[in-house]
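Below: the structure, in structure tokens.
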Amino acid sequence: ATGPAVALRAGFIGAGFMTTVHSRAARAARAELAGVASSSSGSAERAALELGLARSYSSVDALLADDAIDIIHVCTPNTTHARFALAALDAGKHVVCEKPLATSVVDAAALVRRAEATGLTATVPFVYRFHPMVREARARVQAGETGRVLTINGGYLQDWLAEPHADDWRVDADLGGPSRAFADIGSHLVDLLEFITADRIVRLNATTRTVYGNRSNNHDIATEDLVALVVEMRGGAVGTLLISQVAPGRKNSLVLEIAGTEQSIRFDQERPDELWLGRRVGSQHILRDPAELAPDAARLSTVPSGHPMGYQDAFNAFVADSYADAAANSLAASTGVESGCSPEGLPTFADGLRAVRVTAAVLESAASGAWVEVLS
Amino acid sequence: ATGPAVALRAGFIGAGFMTTVHSRAARAARAELAGVASSSSGSAERAALELGLARSYSSVDALLADDAIDIIHVCTPNTTHARFALAALDAGKHVVCEKPLATSVVDAAALVRRAEATGLTATVPFVYRFHPMVREARARVQAGETGRVLTINGGYLQDWLAEPHADDWRVDADLGGPSRAFADIGSHLVDLLEFITADRIVRLNATTRTVYGNRSNNHDIATEDLVALVVEMRGGAVGTLLISQVAPGRKNSLVLEIAGTEQSIRFDQERPDELWLGRRVGSQHILRDPAELAPDAARLSTVPSGHPMGYQDAFNAFVADSYADAAANSLAASTGVESGCSPEGLPTFADGLRAVRVTAAVLESAASGAWVEVLS
Amino acid sequence: ATGPAVALRAGFIGAGFMTTVHSRAARAARAELAGVASSSSGSAERAALELGLARSYSSVDALLADDAIDIIHVCTPNTTHARFALAALDAGKHVVCEKPLATSVVDAAALVRRAEATGLTATVPFVYRFHPMVREARARVQAGETGRVLTINGGYLQDWLAEPHADDWRVDADLGGPSRAFADIGSHLVDLLEFITADRIVRLNATTRTVYGNRSNNHDIATEDLVALVVEMRGGAVGTLLISQVAPGRKNSLVLEIAGTEQSIRFDQERPDELWLGRRVGSQHILRDPAELAPDAARLSTVPSGHPMGYQDAFNAFVADSYADAAANSLAASTGVESGCSPEGLPTFADGLRAVRVTAAVLESAASGAWVEVLS
Amino acid sequence: ATGPAVALRAGFIGAGFMTTVHSRAARAARAELAGVASSSSGSAERAALELGLARSYSSVDALLADDAIDIIHVCTPNTTHARFALAALDAGKHVVCEKPLATSVVDAAALVRRAEATGLTATVPFVYRFHPMVREARARVQAGETGRVLTINGGYLQDWLAEPHADDWRVDADLGGPSRAFADIGSHLVDLLEFITADRIVRLNATTRTVYGNRSNNHDIATEDLVALVVEMRGGAVGTLLISQVAPGRKNSLVLEIAGTEQSIRFDQERPDELWLGRRVGSQHILRDPAELAPDAARLSTVPSGHPMGYQDAFNAFVADSYADAAANSLAASTGVESGCSPEGLPTFADGLRAVRVTAAVLESAASGAWVEVLS
């Protein structure tokens, strides 16, 4: 992936794990790593030093006020996303905002409208879209190889909160928002499902559990540890999704199996270079091989077949595509000529809103026990 | 497994695939393969010849009237089970009746009462219980290794009805009963789940689909091709189950993953000698090794570690245990002394009824869209 | 598989693990389980009772002298095979003799000649040939799908002798013969390789190790724990084979991967219902599906796709084919009319001799350090 | 991984696949991507533009003469490595030279001596060493968990030359050197084996085949398509290695299984975040989890458990370590104070020489048919 002619200047809000990952990707995309602001000047300074960013800012406002920054990465706890993303757009910056885009539908919808109004790039790291084999799966579904989709079997299981004392800001609704497991990882699963099938969940029925009401620092915890749900798709398929952050031995097990009238497809994020194609006769287990992939999958293959690609590679591709879009939008803004096209499969604020909507429906259904329609 | 001192004399109703499997198991259990009746004298004769049964009968009634038969295997289409099983009990025979035990709760409950009243052995081939690694999983759950069960991820996927023209008597409600996919294979999944966890589904919410309303011979088909459901267990766990007979590439994919507070366990029927034990640290992938298994799992291991066991082995064990139970019950009847114990984990008519109850709840929920309580 | 019209009457020498397995298979093949002799009357009696054999004999001679026995299964330690098998042939019995057929080439060759002279059935349980997917692999190689075979990657790893104190009669050259790991399991690997490829090892270079010179009861042990070798095939392929009985975690890991000019094929005995077909594009992972297999593989499939078959199933098929051959030979002897054909792929004494020859070449090469030609 | 305080200035020779991979890694290590020379000015210019390098040079000499370059990456065909690496050292540059370090032992040994004399960093991208799970395997072997190593089962199989017309400069001895498959990929396997076991191959016996004597452009091809060999290790282990570039379906299948007296370990490069630990009881299948790994494995883990790492991640780690070493050596040179330590597990020219020695022994043994000692 060739970077933009003139390097974008990237700023980061937050100094945690995601800022590390985003900044690596920004560097790989040949951006200028301009600066960082976080909850304190100290942590911002340390991050600047450690990550090799040009400077740190004493506040988010100071960062946003700097004209020498073109694009802002929002990498802070969930309940701050909407506020920072809006401020960044208001400051005329492109934005990459972490998921969940917001912790309410109202906020997320406002962000979508604002982004559209500005014409700035506004993306959300639904990063699993950037595994070449996810693109391959999507290309095959869309080429009709799968036939009409009948069932979906999806799961996203982790175990990092499996021990009672394990704790994190995500557990606290004030920082993480009202939904935890679903907002945090279920949102990825839903995005992946809708991305691969180019279909939409129209109804769902969910049940949730909070296994541990008290953890090390957080008490009377209201956010869910796990969710089980059935979904119906606009295209007629039905499916089951299981999301848990308390499943021992499952590290980051995002698995999606789609069965259609002609063929099944299975993707497992922990083995992202593989795809299972189920057929009545002649099922295949294919490995990523750029020579044989759909164009959009081959485009994201940066090393040959048999040379595994991973999470950071997917993240790099997401950021490269966000930056390419930002460069095109900036050019359009300065020249008045629309480029007219965005990189294939770029997850935007609209996709972020979509995940927030599904999350809201999950909470509503879990509360009422009834099927809930999901607005598109 | 040593057979009973005096060989049981076994009779079979039906002359299809299951009679082949049952009669192999009866032979391995050192029974006398006494005879068979089927829908016609001709098919019964052919089966007797092919399967090496001593004789054929011109009718089911003739078979049941023969005093030289101790135990009857009902291997006919679903809607005939209740009738034949009842007649066999009435004739004083032990009964192995195929699943679903009946196609209505009323009929199944009547069979349970009748079996109890007679003191005869009355079992249902929930045969997956007889894989040693299923026993191992159960022993581990019951020893508390898993901790409190939190989530269940179950699936039973097949593809033999994936092609629109594929057809079978099971498709026809008059022969197969009102539920197809769930009664046929979902019942196995539910039995396995409840057997391993020693817990019960208390509520469920299901959605079903009939993908093909017309097949080669059957038209206006009302029975479901697939079911997606969420379940809640008495012990508090929640889970998702997906059942389909139209999932390309999935031959007989019965997979169950249980996550508890301490550990996860996964069993995959297509690799029945393996078990995955998920842990925060040190997950294991264990192979059947008689030297290391729980007693009840070791008991069912008939060949050493690394020498695969399969479906027929499980069936043989089920029939051997049914026969041991029948021999003990016969002895008790003739001596008046109760043996007092049945082979561990033997699936009885009560278990058959249980599966019928869950099936009824699935159909009810699919019709109403609401959560349905499952009576125990 | 239908048994012979008149049941064969089977006798067994030895009362250990293999007699259990052979007698189960004989029962499944609808033979009469006539009797057993072992190292003592007591053990023979116990075996008769436990395995459900009609009677026990006080000596091997008594068993062989009984006219009411048609076929003898030799299931004793290796160094006794040649003697018992010869005596059985001399007594006019068909023979199933365990591997290794003999512990010297001279003895094995004599047995082959004697068997040919008598016209009796004389087979060796190279039982892995009887997995349907092994037949499928062989059919594909022979149909040219693989192209010219280029490389072979074979291994047979176990761990039951991995602990220093583990012990067995096989360790003692007086009972097991001069080669241990290779004669015991390497012989299976070589048979499988030559069976699937229909090719022959023409040269080899081997190195062996005895890791534990002393075990619980055996001391100054001279037989090898492991062997590593390179082989050249008549057809031009080269390959590596690794055989070990001291490989922790490997229970019965017999794996063979063959790469040809067109395609690769991999078979793993611990997952015997699967086959990997490697291709430049479109590699497949196929499951046993009777509907799609080569005739000879479908013939051995006794349960549908997705219903796993195992070790005992393979053994049953081997014995059924041996018995079918014996019945045909007996008929030919009594009528003077040759049936002219044996069941496809039946491993005979000639195959037993072949494995003994390769074993001798392995020991010779390990001693000299030089490449050794293997006579065919 | 924090980069050096002052960025190294990196230059690249060659403009092919490896220069792409090396330059990405150099960027991730926060080096200055100073320039490139290749076989023509044109290709160098194109590469500079595409890869984002500051400038191109019209010749290798011009690049080497530039004082604004600290470290040279040699990414050209094999027979040029020795010449360019020597010239770079002579020009006072640190060198990262692709494998094989040279195509003769004499040349490789000269390079080792020259590198030692200069005190410059001189490394070879045996990049598979940089997978965290390889470090974990090594740490476990060295902590004695495996016990004394008994057997080695290694393979490196590819299929990119499986089609007769497939062609490449590697096929031509003038560019690739006298050995092809072994020098190209066998060298990685040998390095990995010796790295993980901290042991050495002392003797080997190899056989090679050239399957296609003619390809699209190359004719009368003398270099081998495949190699099969047995090895003996100084520590007493024996093993088999199979290397092939004509194995259909195998993309980059580098697999190593080591069995010791206590435990087995298996690493598969295509699933680099996993490790199988074989035990008599309780075999484990572990996933990379930074929280549980040996320090040196945790150090190389840049994303959490369940977030796959890949080939480029390993390459980045190799280059980062090479650069850290170069920075330390430069500092030592300018201050006269030796840092005294190099990053753990850095593959140097000495390791490059080692692989060349083993390659020479393989060719010698293949020619003579005899066991050949490998000098250390």
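Per-chain residue numbering starts at 1, and chain names A, B, C and D are given in the order in which the chains are listed.
Following the convention adopted for this analysis, a residue touches a chain if its C-beta (ideal position, glycine included) is under 8 Å from a C-beta of that chain, and two chains touch if they have at least 3 such contacts.
In this text, all values refer to a predicted model and were calculated from it rather than measured experimentally.
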Farthest chain relative to subunit D (centres taken as mean CA coordinates): B
Interface with more contacting C-beta pairs, comparing B-C to C-D: C-D
Subunit A-subunit C separation of Cα centroids, rounded to whole Å: 55
Euclidean distance of C-alpha centroids - subunit C vs subunit D, Å: 43
Between subunit B and subunit C, centroid-to-centroid distance (C-alpha), Å: 35
Multi-chain contact sites of subunit B, meaning residues that touch two or more partners: 250, 276, 283, 287, 289
Topology of the chain contact graph, where touching chains are joined (line, ring, star, complete, other): complete
Subunit B residues touching subunit D - in the complex, by the definition given at the top: 276, 281-287, 289, 291-292
Residues of subunit D defined as touching subunit A within the complex: 2-3, 17, 21, 24, 27-28, 30, 50, 52, 158, 160, 250-253, 269-273, 287, 289, 302-313
List of subunit D residues in touch with subunit C within their complex: 150-151, 153, 155, 157, 159, 162-164, 205-207, 209, 211, 225-226, 228-232, 236, 238-242, 244, 246-250, 259-264, 276-280, 283, 369-371
